[in-house]
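For reference, chains read A, B and C in written order, and residue numbers begin at 1 within each chain.
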Amino acid sequence: MTNVIHIQGLVRAFGRQRVLRKLEAIWEPGTVHAVVGVNGSGKSTLLKILAGSLGFEAGRIRYGSDEFGHSDSLPWKLRQRLGFLGHKSFTYPDLSARENLELYADLYGRDRGMILPILTELGLEDVVDRAVGTFSRGMIQRVALARLELQQADFVLLDEPTTGLDEETRLNLLSRIRGMSEAGRMVVMVSHHLEELSALNATVHRLEQGRFYNGGETP
Amino acid sequence: MSRAHTVHITLLGIATVAIPMALVMVFFYAPTLPVSNTSEMNGVVQKIFYFHVGSAINMLILLLAAGILSLLFLVRGDLKYDHWAGACADTGTLLGMMVLCSGPLWAKKAWGTWWNFEPRLMLVLLVFLMYLGYAAMRRFGGNDMFTRKLAAGISVLGIPAIIFIRIAVNLWGRKLHPENLTSDKSQFTSSAPEIQTVFYISILTILVFSLAILLLRKRIRSAEDSLESCWHAAQDADIDV
Amino acid sequence: MTFGHQLKAVLIKDLRIEVRNPGILYTMLLFAALQVVIFGFAFYVMNDESNAEAYVPGLMWIVILFSSTLGTGRIFDREQQNDCLAGLMMGCADLRVVYLSKVILALGFSLAMVTLVIPLVIVFFDPEIPHMGLLILAVFLGVLGFCFVGTLFAGLVTRLAFREVLYPLIVFPLIVPLFLAGVEATSLIFLSADTRYADNALADIWTWLRLMLAFDLVFVFGTSWIFPYLMRDRG
């Protein structure tokens, strides 16, 4: 019950274009919730709204037992439970992997001692102190994933996380996503890759014309 | 909607009558003092004073109002405040242009130079520049909430800035023009009662005119946003637009 | 994760980056030195040093203002890559942590710049400065105000189309009182070297310094308060 997302009448417009039109959804943890749709259908927008970094014009969103309207700003108590992994990695190229994670460990109040084990699990133990600017896309994404793991967020929001990754990293990431979902966290993932979603046994929600048209179906 | 319309039409009506009346009073009722070298209250040129000072006073009132409304907008998030704030800023900027045109014209004839760094005119110029920045932000920064809030931020910080500018330029001008600040007030209170009457009438007339323009700008801004809402409603109803 | 804790974390991050990549600091210092030279060419009249007190205060403050604006205007640039600012804002309990960290950074840069500019001005124009302590106080108060106001708008205009032009357009009118007070106080400090004016000058210098202090108090709290309200819809 604590990691439920409940969306009511969500509205978001960019200028004249209404991107989300009175969107409704009730999602419970226990499965990966996948949001699919054509380009421009509003998937990334929805995710950013859920993460609290984009506002909306009308509607209400409930995380667990806390509900928020369009003029409310999300309190820190909730925000620290929201984890986000998108196209942009939130990493500073001039800092090493360790230093990037130290920042987020301190911000979220996590033990810095967890950084090295997590990076080792992700295969980055050799480059811990190298500047992130020298990393490949796959390695950067793994640092971002490490950040997410470090945060231990209850609500995990992923925006096409496997884009541009090599096979091994991709499979590693997918298994971790499955692990997070099985651990009871709410996992919402935007994706284009239906094979991945079927591998995850995800519940698919199709976003069309600013609304969800299917309640939820496993592909 | 129609109540605002009524108020607007009434104001326009009053302005249409008041402006010619005030002009008549300025040119025919208020006495034209003989030209003299010791005072700038001389000749026909002196009559600029009725347009100039009234505009300046109204401008500062409007821009301070813009700042307060912007603060309300930031804190409450209601777009209505943004419309009123933007309208106040627009009208204030218009009045500012009038002050900055009439000022040098008067100065050239009265004192021989276009600009003499007189403190009050400096205040108007700086405040005008500040609100040109505000206008540039709204014009070129886009129409989304973020830009509106950024512009509102400029306006809110503008209030203490205006106060500090006034203190600073007055202190600064005390050295350069010690005569001007004190002499103007005393000259005014000692001048003929007709001049004082027309002065107050001119302030009121410009106020009515400003309010009419203010309301017009507010309705235009509201209408622009309403149009956006119509688009959204049409899309919601799946109407092809 | 108190405010202090988070501020320390973000500040460490910012300092680490600037130490490794000191582009902003170097260009700011170089630009400041260049300006002193260029303005020197513009105003210095050979063999007529008596004129120095007339233009040196203004010159010094223009250099300080323009250099400070150059540096402060780019203080949020590093947050643009990889959308780091979004991540930071998600991770901070109070958005003011981000703001204050940047202000401290901007202040550091500006004070370093001033430590270069004042000696340069003294070397080039050789003014007599009887109240060095007051001069330093005036410059510090000026730079403090410039940094707070400048950092606020730097953070806001990063994504806008015309930001290089829009940024000074917004900031300059707001800090005019501070600038004016700084120039006047500095003028009077130079003037007080002449014993005829010394006593009167001191009282007036304090008037200007008090104005600068009042401005700083209002704007330090005002800008800090308003920052989250303006950043909320950044998206």
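Here is the rule we use: a residue touches a chain if its C-beta (ideal position, glycine included) is under 8 Å from a C-beta of that chain, and two chains touch if they have at least 3 such contacts.
Small disclaimer: the values here were computed from a predicted structure and weren't measured.
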Required minimum of steps from chain A to chain B, each step between chains that touch:
1
Per CA centroids, the chain at the heart of the structure shown is C
Euclidean distance of C-alpha centroids - chain A vs chain B, Å:
50
Just curious, how far off is chain C from chain B if you go by their C-alpha centres, in Å?
31
Taking the mean of the CA coordinates per chain, how far is chain A from chain C in Å?
39
Can you list the chain A residues in contact with two or more other chains?
55
Return the residues of chain B touching two or more other chains; collapse runs of consecutive numbers into ranges.
144-145
For chain C, jot down the residues that touch at least 2 other chains.
232-233, 235
Chain A partner contacts - residues on chain B that touch it in the complex
77, 143-145, 228, 231-232, 235-236, 238
In the complex, the residues of chain C that touch chain B are 149, 152, 156-157, 160-162, 166, 169-170, 172-178, 180-181, 184, 207-208, 211, 214-215, 218-219, 222-223, 226, 229-230, 232-235
Residue numbers of chain A touching chain C in their complex, please.
48, 51-55, 73, 76, 79-80, 82, 84, 86, 88-95, 99, 102-104, 106-109
So in the complex, which bits of chain B are touching chain C?
74-75, 126-127, 129-130, 132-133, 136-137, 140-142, 144-147, 149-150, 152-154, 156-158, 160-161, 164-165, 167-169, 171-172
Listed in rising order, chain A residues that touch chain B in their complex are 11, 13-18, 21-22, 55, 71, 209
